[in-house]
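Order as written gives the chain letters A, B, C, D and E; numbering starts at 1 within each chain.
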């Protein structure tokens, strides 16, 4: 599936030196990430490494404490999700964020409803939603007018994905999009991810599944305890190297310098007996 | 990891002919499932097949419309989660159901707090929680007193799992427990699942990941559109047979009889162009 | 309107007199407290050069006590209260007495309160005037066996009970001897005019024969008149009132209301402020010539008692003459002619 | 049961809708606990029967007409509150805001001799400004709405006293304003309006079917549409028939017939706001913010602006309620909008089926719930109880009406949708 | 910054707590928007300064002592409401429930000549029964608490009227009851209680440290503990010092000094309920049900029973509030517990930092919020405004106090914890 593009010179989205604290807890330390058009960048890291936090910083849900975000060569300030959407950044969040009191179609078009004059154009929306869901192998939805509150875990996830890919965006970020999906649906989503990149979009895929990462990604960026451990071409690394980067932040000459625990996260509890330190 | 037990004659938990409707929509049709002590039973099925609904019926969150649940040879009526807990059935739900306003320790001991006289015994609980989390490879929690609202997706999942295995139960049901987990944590959880079964518990594992299913399960039960497609020994089937059971409800001589669409789910929309019918 | 207590009480006023604290009850039972009493008392104290802090408890007993606490701690020499109920009134008076403060019951007697003085209109008398007024108006209409509806004041207001006592003493004999038929009789919570409208509308719906309405004050009267007007019955069904408000007087001029009761509040206020001023100057008051017997404790309280006046179309001009209501307010627009007809110039 | 399937736009196969299928689905939903306003309507019927048996005048046309004018203020305030409640917020100041707006109108009319077509817009504008101010404090400064509107509740109570010069009543004489909540539409026009509205509804239904059919989408079966139109027609025409009866206390003196003017005003606002909530982007966003504020924010919805706007709508509708109250009392006093008006209004919305936690509710809830409140108030007025008994019975009846609802919905618990 | 680590039970490595670290963390939390009751306390200080500057009597010992007796009813009702609010429910009837319970006591005392030690328990029992009834209707029948308690609000208002025979006042003469919210503790005993409570707190703190240290768990550094104890000591002793001043207006007639009796009563309930919420299984379950009812249900918590119990606690505390109100007024009338008492009580809880959406709140919030309300009420009383102005200013000041809170918490938005 993967094709070889000539790597474009400038990244579409570039994040540099981002710090982010929640109260006394610093979660991101000087994190960087580059997303190139036409490529799938896999963002990997252990649970709690800070992947979702980074995504939320980029999409305007959290404000960053320091650091810069460059889009298309221009430094940008993203304060709200509207700003991100205006730039063409579309995100599938891990905590899906659907409105339980609305139905599938209403959720998919939320914030970008189709109208005819003043009136909502329900038929058009219903049609477009049906088409998109069908392309994602959704087969068990009872009705497009079902409330999302009553959907199964996987169905909810599909709605969230479908919602993000409905639009003409330039960067699509997917935070563990296949976590709850069945076999067929997972395959469809991975194919979709690849197709988006092939259409020239910048795609960021967060996943804990190394098979998926190696199947579709062009680059891998690894986070370790809130720091960028490495960003490399997928073809340059092996499966076990990535796993090492994820679990210890280093792998051979890749990764962070040897650690001094007191420098890392101020208050990390090392729960594994005999772990850090 | 898997060991060969002599299969016990009677299942620990047996579900027979369960129907469940939500208003006009029937989600489970005449579903059966047997859980044997000392075994891991994998419950598989496509998104929206009814796995989570079945689990919730067993754990007393939903009341079943008809059918019977037999525990340890006796027919039982499970009306509330308390009833299920009293029988020794412990569940990790897909929609984790943690109290966001409580911290990790408080969530883990919710409903079964340790007390000394009238007063909560916080030190004991903190200690036990720490030990359990450590055994699940949790390394990035800032403090055991962190509110679960501020945990990452994987950290929340770990807390939910840890909560369920803290107790001396007889049946443990895990609904997609590894969906959000990192590589190391996933391995730990699978090992834990096997260990629970080896200790004589009945374990039900719901997963979309066939590798995991084959790695730890003794039996596989497949649901297709709310019906039991098959319940077989894992060693008797192949990877592709299971996938076929999941996606079409049949595989060779296994599975449901050829379908009549009007018989299945009253109002299923077939969204894949040219699908059912 | 504002009180004159603009610098904190150090105890001594400009003329060497102590400060006076006045607590008025509410603004809902009657408009007088916020308008008439406040103005007259303020004027009287200002004229005498006595510092006064005048506040309104807004019908809230807790607030009433809180205000009293504040005045006592601000060091007033005289405390004049219009109690919301005897219980809180007594609590306040007791506290004041313990602090060595002279006390005056204004308008309402605090049972067992043992205030030093009492100044009031007779509220039962007010009710009697209302009852008599209605009797007169019904006689004028020459209805036989008219059905009379009663729209009482707030069930939580003790004065409403006193008014009812007064008018029932006039009406009950008429019911018993069959001259009048007893119609619906309901209380209006909080003296709420909107609710009064609904309550009266329902009275009229359930008993279409209502020929007279005993409304406890002008606001309630106006609510009843509104419903009557909708049914084009205004003017044919006499309605009573109280307080001589602009609204009530206009309704009287228009012929929709039969009477109101005018309490020369200025006289009451002047009498009370004279007492207070004397006490503040540590003189013995000479105006309290009468006495009132506290029905609970049986004690005689030195009193100044004033008489209320019944107002009909014929003597509306008296209210103007008293400057209680100005001609400009009353004789606006379409009322100019009616005023002239009533002899108001 | 065998179901026929049909194909709709995009090649999607769905069950073919039939009349029987619709009824079956509805019954399934009802059994499953999704009852809409059915229980409130049931409660209304039960209450009416009780009062009707206890006092025969309850069912007289006069009393029926009174119901509308008596309930108008609460219904208008509740309509506005629906928007606020949809966001999971509360507006404790709505009652006194209606009083303030009513007082503004009365003062302009009476003290300044301004014409109604100036006074009413100014009062409405006052409402909008109040709402905007509340909304900004809540959305931008971030104070909880309970506290802001509690402060406003106190503030407006004071403002009303100050506006009314410390507690006097102001009477209004303007014929137009008084007519709003007192007079009736002539009988002929009553019928024209009634028939026109039914015809309009039928036209909308059929044109919707035509439009969907033209796009190849699934359409409701004709039987269902006919049932809907028929139901509405019966309701509207029966109401009109009753209200066009002579109902004067003394017909010799004064004829009283026709639909009260306030009825079409309520209907107009009901239709307008239902349209806004159901068919416009704005309405969709209100539901979204109420359902999951974070999801709405992530979808790029300007959450703060939506929040401010619902308070503006709330206070605007409160202003209309205030105008109606002043019209009915033909005067304004410091208690206009006070007493139980606020609690009754919120109660009307909640009894009608609106959730206090946001995301769930319709404008019709305000009307149905308001009707329940008005019926209780009206019926209690006919019973001739003492105040104490009246309060107790009102509470009890409210409880009974709500229990009908709650018990009907209890099946929902079994369906796991509690 | 280099942090030292230490090992605690189970071999878990954690950061070693130090005084500096604690302060740093606290500052971090404050910057991050986790302010606890700091803003409310700040608001209290600001308000006191304003009133103190405007009216010097505000700071007199007499006025200070008045504050407690004036605020008692609201504080007690608010304490009970905290439990109800923690579940995301509301109790609109708490005000009148307090009135009813007060009336029950007064009737027993005055009309039936019963002794206080019978009358008070009966009144408290009445409160519990009321709460249980409300709770059952809400939890078992499933009617929303807003509707049930609105009905109860009306019902109790009526019941109060009926109990009081249609509107009369009942005075009480019982010295004990009157003393509750009017009299003071002798000066000697005031000091004994004050010093005893500080010593008790210190003892608890140290024994906790010893117990944890004995189990090898992390303990708070001594500096932090000393700061806490010292802070409490300053507060308690300073208050006692002021309250033991002679504060009679005319000491020759009557001496007035000592801590008002109501102060230790408030303190006792504060400590008791704080213990229940923070250190018992029951309290934990209340938070769990408030935070996520479904999660609590799945954890096997008897959600319905918890729900019923909080209403019982709410009405029980309302009964105490009612007794205090009757004590202070030495009488009961149909408006006891009416007026703004309810809104003030809910307002006190919310201003103190309790969420209306459940799961977040502490009993101390009721005391701090109640103090804010009492200070506003007390200060406004000293200012000598007209009623209209007073309402307006009360509203404005409430708003200002809440803005301090909201603006301080706005930083939380930046930290994404909005």
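Following the convention adopted for this analysis, a residue touches a chain if its C-beta (ideal position, glycine included) is under 8 Å from a C-beta of that chain, and two chains touch if they have at least 3 such contacts.
To keep track of the chains, here are their UniProt names: A, B = Putative ABC transporter ATP-binding protein; D, E = Xylose transport system permease protein XylH.
Worth saying up front: this structure is predicted, and the values here are computed from it rather than measured.
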Problem set entry | Touching chain C and also chain E, the following chains | D
Exercise. Comparing A-D against C-D, which pair counts more contacting C-beta pairs?
Worked result: C-D
For this session: State the chain with the largest centre-to-centre distance from chain B, centres being mean CA positions.
Result: C
Problem set entry | Centre distance in Å when chain B and chain D are each reduced to the mean of their C-alpha atoms | 46
Exercise. So how far apart, in whole Å, are chain B and chain C when each is placed at the average of its C-alpha atoms?
Worked result: 75
Exercise. What is the distance, in whole Å, between the centres of chain C and chain D, each centre taken as the mean of its C-alpha atoms?
Worked result: 39
Seminar exercise, completed: dist(centroid_CA(chain A), centroid_CA(chain D)) in Å evaluates to 44
Exercise. On chain B, where are the residues touching two or more other chains?
Worked result: 22, 25, 61, 130, 134, 143-144, 150, 267, 269-271, 273, 275-276
For this session: Mind pulling the residue numbers of chain D that touch at least two other chains?
Result: 10, 12, 14, 161, 166-167, 386-388, 390-391, 417
Exercise. Listing for chain C: what residues touch at least two other chains?
Worked result: 1, 27, 34, 38, 155, 187
Exercise. Quick one: in the complex, what on chain E touches chain C?
Worked result: 55-57, 60, 62-63, 66, 69-70, 73, 161, 166-172, 182, 247-250, 252-254, 256, 325, 328-336, 338-341, 377-378, 381-382, 384-391
Problem set entry | Contacting residues of chain A [partner chain B, same complex] | 22, 25, 45-49, 51-53, 94-95, 130, 133-134, 137-144, 150-155, 157-158, 176, 179-186, 208, 210, 225, 243, 246-247, 265, 267-273, 275-276
Problem set entry | Partner chain D, residues of chain E touching it in the complex | 88, 90, 92, 137, 141-144, 146-148, 150-162, 166-167, 340, 343, 346-347, 350-351, 356-357, 386-396, 398-399, 402-403, 405-407, 409-410, 413
Exercise. Given the complex with chain D, which residues does chain C contribute to the contact?
Worked result: 1, 27-28, 31, 33-35, 38, 155, 184-187, 189-195, 197-199, 201-206, 208, 218-219, 222-223, 226, 229-233, 236, 245-247, 250, 332-334
For this session: Within their complex, state which residues of chain B touch chain E.
Result: 59, 61, 80-82, 85, 91, 93, 97-102, 106, 110-113, 115, 118-120, 123, 126-127, 130-131, 134, 143-144, 149-150
